[in-house]
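Two complexes come next, and they have one chain in common, chain A, joined by chain B in the first and chain C in the second.
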Partner chain A sequence: MDTEYKIPVQTSGETATVYASDYLNKLSGEKIERECRRQIDAGYKTIVVNFGETEIVNSIGVSILLGVIDAASGAGAKVVFSDVNEDTIELFEMLGLTNHVRVN
Partner chain B sequence: MSDSPSNKILATVEAKDFIGRTRETEMLLRRADGEAESGGLLLLSAPHAGATELLKQIYDRLFSGQSQVIPFYFAVRKSDKTAKNCAVRFLHAFIAQTIAFRHQEPKIFDAAPDIRELNELASPDDAHWIDRLTNAARLQPSSELDTDSAFVKNCLSAPLRAAAHDANSFVMIDNLHEAESFSGDVDFVEELKEIFSRSTISFVLAGRRRFLLNAVQTGNTKLTAAKHLRLEPLDFSEAGLLAENLAEKYAVRVNEPSRDLIARQFGGNPTFIKFLLQAASQAEMDLDSFQKIERLYTDELFGGRIGVFYDSVFREIAPDAETQKNIVRLLCDAPTGENERQPRPLDGVFKNWRDDAVSTREDFQRLLSLLNTNEIIRLSSNTIEAMNENDVLNDYLKARFRLESATENRVLVVAEMLSDFLKRAPETMAKFYRQKSAIGLREILAAFNCQDAPAALLDYSIYKDKYKNAAENEIAVGGGDEDIEKIRLPQIVYTAHTAAFYPPISQVTDKTRSAVAVGFQEPAYTDEDEVVWIAAEIDSKLEASSETAEFWCDRLEMVALVCNFTKYKIWLVAPEGFSPEAMEILRQRDAYGASRRQAALLAEFLQTEKVDGAEKPAANEYEIIVPMGGDTELIAAGAIEEIARRHAFEPKAINQIKTALIEACINAAEHSLSPDRKIYQKFTVEEDKIIITISNRGLRLTDKKTTAANPVEGRRGWGFKLMKSLMDEVKFEQVDDGTRISMTKYLTPLVKE
Partner chain C sequence: MPENQQKLIHTFGALAELGHEVSQKNDFQELIRTSLHLLLGALGIMRGGVARYSRFGHELNMLAVRGLGDEFPLSLTICSEDERQFLTNGTVPIEIAQAKVLPFFQIYDRSFAAKKLELLVPLVIRDEIVGVVLLGEKANGEPYSSYDRDIICAMTRHIGVGIAQRNLMAELERRADENRRLYDDLRMTYKDTVKAFATAIDCKDKYTEGHSVRVGKYSEIIAAELGWDDEQVEGAAVAGYLHDVGKLTVESSIINSPHRINAKETAALNKHPVIGYEILLPIHHPYADVPLAAKYHHERLDGRGYPDELCDRDIPYIAKIVCLADSFDAMTTDRPYKRRRPAHEVIEDLQYNAGRQFAPELVTAFCRAMLKEITQETKEKKFRRLLGREYLEAEGIVSLLKNALNVMNGTSSLTLVNLD
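On to the complex of A and B.
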């Protein structure tokens, strides 16, 4: 896994899409958090976190994602998780993440 | 000189089995060789730290390794009773050792020749001066003080007289503290100081540190020019090595956790470590679990070697049984509820002392002095304090108190104390791991030295903004960059653990994780510039919250209040730094908050030095050991994926196993403070299931502190929940050291309730 992974971001209208890496752990989670906060601060109202490349997610990564959801909520923005594989969806459900975010 | 003698002469262990003391050995040999400056060296030793064996090892090396310097070792004995008796023995030993050395024949010691026989054995070169010395010893001194004093001087100056005849010796006088109990009008230590202060020969005075230091710095003659060599208990790794060597010697099986417990529990005391392994050998038992160690330790305490050892120490200090009982009562009879016994006023203790054998103030002072020298108590000018840090002594005292003073049932006392020791063992190791993982606040504070440090190293807000995800080499910590915001650090003149200033702080943090530094903002040392820094390392998995910051500021401000620190600065270090809200709290309190990485970078900037152990693998079993950190859990996950695939697990189950494994690895790395930083993994595949066992050394999960200092950590702590949800069975196995988690996944999924 590439620990120097740079977070790709695409923006369109009021939506910013942030692409997660193959392993969502503390390090990569903090990078996503930082990027999402930056996009929220820049005024984007919908933050899409794309998990198309993500194979494994750990609990620390999930806890950081909840921080992103909180930050967005506080700024009047919403968070959407996209391209999430089935195993990761199961994980999100176990930890109650799906109660706070839309998963596509 | 050869590195090791072929045979022991005075030493009790072979040179190759003599563990540690490398620095001390080199220093002593350099002195003997004349490479270092001549004159006196004080070997200040903690009780039973091995000073005698060290000196005997030096003697053996000098005896067979060279021919220039006559090695002379002499130990003062309490049984000498008077300075004169001791002096006579000194002279006899010097002549005997000189002749034995000249003949390279250690058997001369064993023959115990009298002074006339020695005279006949002397070589022609030495015969003249030895004859004169023996004549001096034959003189029958009168009872007058000056004559006695002259006689003692005459005997003690033998090495100087020999040197005048080109017979140079390296004099090692051991157990000088035993002279404290001599009677008579001639002060042995005073005579010795007077003679050797005038000499140019190399000599070593060794003994209990508390006696020796005081003895040479007071009195008519002061050995102010003598160098000091402090002999502390063995450090942890040396003590562990000693335990391993002794275990091999006595054919006692130990494992790494049990070896480490032995090293730690006895505080690096070689005497006690040897006692335990000898006892294990004698009982033909192994010491490969904490339970076995504590059972044997209990036996040793109640009538075994350790008990007998302390009984003898007490008997020598105070032969009278009632006096001993009073001492034990004094040291154990603490007010209920106090974890550590507080210092007691001397006058108050004496007033309540009821003892026919120690009835006068002078007798009492003498008793206290002996107790202090033997480090049974800590004596200051007007208080007496128990040696709380010595667990073995405290266990002995507690056992004696309960049996003799409280007259409790012996079986009950033994059972309860064994139970306490078993509970204490993992706590002992946990405390050690915490201490070992501490960043060394005292060292960092002591190195402040009025330097201008980049603010990013102390202030987490600045650090987070600029450097949080930057590589080490991208962080501009150099002091030369003018554009970087700087913080002027004070000149620190004194540091101590916060608990030393304010003992209640121990309830919320380990001693080594909080420090107080007293200093001056500028090097001018004025009242206005006086400042105190109060620092603490705190626990938090994520950025520390405002509640946590507030909690710690309150505690450290209490320290300032109680200690009357009017101008102070609080510095908190949390593993992941502080949340914005917490930083705001810290700003309001005029405090600094930094992450652990910042502290490490600050230490690097200040150029401080911070003082920084596995089971062997055992048909269908796979073992893998990965280092903690660096996403190595993915390597383990890759391995289990391949193994599970080979055994026909479904892709979904494989992913669940991988995720659970990753969580177990993260848990091991995050919480254990592991001494070897390794995760041991075993994958056992059976017909219908795969069992994954993850172990690590370090803190046990049950040792993890959950106090008010650790406010709720919100969304963290999901690892176990995930493991239990993803696997069919999860078990936390009881181990002495660290944590072992066993997780099972069945080929055909179990239906969970």
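On to the complex of A and C.
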């Protein structure tokens, strides 16, 4: 099942939006990171991670997002987190993710 | 939610999940990757890796890495001085910047600096290094607090247990493998000994050269046809090889008499099953019932056999197999006072004696194995090798066998053979 799931992506201009969903919180969430890397490699300068369908982010999710941040900074791309709920924003601030990304 | 409370919930969530992973995950690679995610994500650590220690090569082999890039070495060598230090340190994070005196940190200084690695945690389980965890800078740019270090300690201990468990499993598998090989060796030795014994028995009886070996082979054929597993089939063969071991103590002049022997001689000869049993009983056989096969291979279903005149159900199954194999060989080989009987006569004899001397289902199995070989339903050439090229190819044998199988079908649970 996991191998069949396709990460939803929308692109417009220089921006690629990747939808995180609850998928982010499992090992299989590495797919999201790979998808982001693919978009960065394809030349998109801004990677938006959308959390509209993501209720909570656990430690695996944080680690995967750190991987996205690392990949983007290595390629000179920006990362934007959008549709993030209050609790998750607090968590990102506490762990320092917000030092590296813009939150919409 | 107050920040402290959220921090607690987040990190303890990671810790709980890690504990669960270590106790549940079967896939070691997945376990290690998940563990690294949980550790990095719990404290917001940008990069890191988990390595497993190989005692033989004094190497740390990376099992999982995050953000260390392609240039980071996947295998790190440590010397005994490093090893000693790691052991005394235990599962407490070592500040890489402060540990430059150790050879290990001197050698890998550039790789560690390039990736801003700050901590190295030796994974020490029961006074043994099983690996290390390397950790880079935190995403919030702050130094590691004592709270962070406590969490790291607890989480890396879980990872260490996961690796130790895996090592233990690998060791157990290796030992089980070794054991299996030893057991196979033992069985081979046993089989060789048994064959040597069978040859020795057969040497004594110059007129029936090869008898024990052939009885072993026929017993094997019957057991295999019954669908027994490999080990049981081997057991049946061994029982056949050794069934006449008691003859070793019977005088050669009786065994090798060119004439029919008298009553007294017969009495002496007929002791061989019991003597065989007594010889075989103290030996530890890897297969059950080898001694019983020797003792009862001259019993008959109708109770007219010897030594105990047992009836059908009291005769051990293995003895019934050997009995059939023994009689078949006696009928199909030349004796000093008698030439071997033609195949059709032998088959008729087996059929007639099914239920009297022999267990009907065994006769059926034996005949079926014979038929399969003659009609080339199997590629086996066992009967051919044992009986000679033409013996079973005499005219009418196939229909005789089919007929015998159909007639005996009433007394066994086997399917009807097509009479075409």
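Just so it is clear, the second predicted complex is superposed on the first by the 96 of 104 C-alpha atoms of A that agree within 3 Å, B and C clash if a C-alpha of one lies under 4 Å from a C-alpha of the other, contacts with A are read in each partner's own complex, and residues count from 1 in each chain.
As a working rule, a residue touches a chain if its C-beta (ideal position, glycine included) is under 8 Å from a C-beta of that chain, and two chains touch if they have at least 3 such contacts.
Here the structure is a predicted model, which means the values were calculated and not measured.
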| Clash or fit: chain B and chain C on chain A? | clash
| message | Contacts for A:78 in the overlay, against chain B (first) and chain C (second): which applies, first, second, both or neither? | response | neither
| message | After the superposition on A, what does A:23 contact: first (chain B), second (chain C), both or neither? | response | first
| Between chain B (first) and chain C (second), which, if any, makes contact with A:38: first, second, both or neither? | neither
| Between chain B (first) and chain C (second), which does A:59 come into contact with in this model arrangement: first, second, both, or neither? | both
| said: With both complexes superposed on chain A, which partner does A:100 reach: first (chain B), second (chain C), both or neither? | reply: second
| message | Which partner chains sit in contact with A:91 here, chain B, chain C, both or neither? Use first/second/both/neither. | response | both
| field | Offending stretch of chain B which, after superposing on A, collides with chain C (from 75-83, 183-191, 201-209 or 381-389) | value | 201-209
| said: Using the superposition on chain A as set up above, list the residues of chain A that contact both chain B and chain C. | reply: 27, 30, 58-60, 62-63, 66-67, 87, 91, 94-95
| field | Contact footprint of chain C on chain A as seen in their complex | value | 27, 30, 58-64, 66-67, 69-70, 87, 90-91, 94-97, 99-100
| Contact footprint of chain A on chain B as seen in their complex | 468-469, 542, 631, 633-634, 637, 652, 655-656, 658-659, 662-663, 666, 714-716, 718-719, 721-722, 725-726
| said: For a test of understanding, state which residues of chain A touch chain B in their complex under the given definition. | reply: 1, 3, 23, 25, 27, 30-31, 34, 56-60, 62-63, 66-67, 86-87, 91, 94-95
| request: Flag every residue of chain C that touches chain A in the complex, lowest number first. | output: 1, 3, 6-7, 10-11, 13-14, 17, 30, 33-34, 36-47, 66-67, 138-142
